[in-house]
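Starting off with a structure, shown below.
To keep things simple, chains are lettered A, B, C and D as they appear, and every chain counts its residues starting from 1.
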Amino acid sequence: MLRIFTTGGTFDKVYFDANSEFQIGDSEIPEMLREANVTFDIAVESVLRKDSLELTDEDRQILYERVAKVPETRVLITHGTDTMVQTAQLLLADERAKLGGKTIVITGAMQPSRMRRSDAMFNLGFAVAAVQVLQAGVYLAMNGRLFDPREARKNVQAHRFEAISRKPG
Amino acid sequence: MLRIFTTGGTFDKVYFDANSEFQIGDSEIPEMLREANVTFDIAVESVLRKDSLELTDEDRQILYERVAKVPETRVLITHGTDTMVQTAQLLLADERAKLGGKTIVITGAMQPSRMRRSDAMFNLGFAVAAVQVLQAGVYLAMNGRLFDPREARKNVQAHRFEAISRKPG
Amino acid sequence: MLRIFTTGGTFDKVYFDANSEFQIGDSEIPEMLREANVTFDIAVESVLRKDSLELTDEDRQILYERVAKVPETRVLITHGTDTMVQTAQLLLADERAKLGGKTIVITGAMQPSRMRRSDAMFNLGFAVAAVQVLQAGVYLAMNGRLFDPREARKNVQAHRFEAISRKPG
Amino acid sequence: MLRIFTTGGTFDKVYFDANSEFQIGDSEIPEMLREANVTFDIAVESVLRKDSLELTDEDRQILYERVAKVPETRVLITHGTDTMVQTAQLLLADERAKLGGKTIVITGAMQPSRMRRSDAMFNLGFAVAAVQVLQAGVYLAMNGRLFDPREARKNVQAHRFEAISRKPG
């Protein structure tokens, strides 16, 4: 079984007319997996429900604990793009050896999945493949590419992720 | 650069009012890759334009030759689901050693990509990840899973692909 | 209460993978009305389920009888575009005086309502307004316009309806 | 020719990833009219670009002047739903006799037009029909119904418009 954790972010944003705002709603992922005719068991669990800019260290600790605790070795996380790199780096950190044997893929969306045009469905498909095939490690999956979290950043102006050279230690 | 060959099939079906029929149209894939914010070069080429039930041996030979000829070692093929297994097996066959070093992923769609609900975008994302990560070989990518073409079939009644035991040689 | 009769046609076409064809499915109209947040009672009834090119005189007689029989004075009909004019003219014919006091609006779609891009939702909204406001008579509603069935034709090449001068009797 | 004025509101809201917010974008209406295969001339003009809760008296005066000034007698206005009634009542007010001979239909959307599920396309079709058929006056078009602005209100809890009894003068 594949485990998917959702943490909020654009992926699950919906528009609530009552207050004319765009907010985190129930995850669209189960519905998206049905639309994609996915035929194996995937457990989707909402761990956090925030814009990723609002995630605190405590929030990330909660996510880390959930990932460490589940029996599955393959875990997909949907996350807001603004601090996706930061969360991925935390999951990678040395002292967090408990995740060592797991394949963890983090993805997100630039446009909410409920919009007519959105990268969410493509990114979900991409991440579902990547998490099944990749060896243990923590990966970012965006823009049709896989990134090492230590060598990735979001280019906010260009609306995309890009690889950067890792600074020598 | 990733190479994508399209061969027709449901993926690219559109509805033409003029004759009230559903036919193969121009490939939607370049537009889908833009929607997905894919940021690396992908060359999309239309090799065949048929319902996969109408593909002939000559058609498959044309596809094989194109795949063998391109310099890229990673090739994604979109194909109608009805004879996707047959085409994949042909690409796998022993005498076709020319493909030996390539990673070839074949995907399709149960619902045309231009429909409001479709598995096409998920499958395209899935296949774009799989073709980048998998080692050399020929793979079917459908229903969120990867199949060995020698051990896969389309279950027409259930509208999904499933693994079957390979008959001993 | 507004009465809607569906007769098949592109409006309700869906893609069935099992046979790789596009066929008449269950009407999408109830779902479309929910999406449009329509708050008054609308009864949707499937009278015929055919491509409009296949409609026979008997089929049109069935439709006519249903329209004549219902107590509602305002009736919306969805219909394939290819013979929409013909059906409208039949409903208009002199001897069919039983429809005399009713407002009947006929609409259709060039692209199935389940496609990402379709004129179906616009046309449904257009027709729901027209049928509530217009005085008794039979009207075609397509391309954002209202047509007198005696002075309209489908321009198949141009994919649109247009007004024609009525031939003098 | 039909004249459409846009004023902002949910109809034209899009999601900008750069700041993770939902904001007024370029009007989707020209694209929607193309999708609907509308074949007559419609001039779309952006008069205001605000959430309707932020519209000031000055903004409404600007809109009023534009409506009064155009030569067309049939004018469609898209407007945020929260203060749609207020704007309509202003256009109706006695001293504003300059609008007397015009048919003015105001519509909006509960969900942005760019979302997969939205009432925007239905409402646009509904309003395009209503504005062509109705006699001079100011009308609200929402939820598949026409309202007199003096007897309508938005029921925020229920996400719909409803008729109210006009208070005796």
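We take it that a residue touches a chain if its C-beta (ideal position, glycine included) is under 8 Å from a C-beta of that chain, and two chains touch if they have at least 3 such contacts.
Keep in mind the model is a prediction, meaning the values are calculated, not measured.
Q: Chain by chain, through touching neighbours only, how many steps does the shortest route from chain A to chain D take?
A: 1
Q: Among the chains, which one keeps its Cα centre farthest from the Cα centre of chain B?
A: When every chain centre is compared against chain B, the largest gap points to D.
Q: At what distance in angstrom does the C-alpha mean of chain B lie from that of chain A?
A: 27
Q: Could you work out how far the Cα centre of chain A sits from that of chain C, in whole Å?
A: 46
Q: Which positions in chain A are in touch with at least two other chains?
A: 110, 116-117, 159
Q: Judged by the touch rule stated earlier, which pairs of chains are there in contact?
A: Result of the pairwise touch check is A-B, A-D, B-C, C-D.
Q: Report the residues of chain D in contact with chain A in the complex, numbered from low to high.
A: On the chain D side, the touching residues are 10, 13, 15, 17-18, 20-22, 51, 53, 80-82, 110-112, 114-117, 156-157, 159.
Q: Flag every residue of chain C that touches chain D in the complex, lowest number first.
A: Counting only chain C, the residues touching chain D are 32-33, 35-40, 42, 110, 117-119, 121-130, 132-134, 141-146, 159-162.
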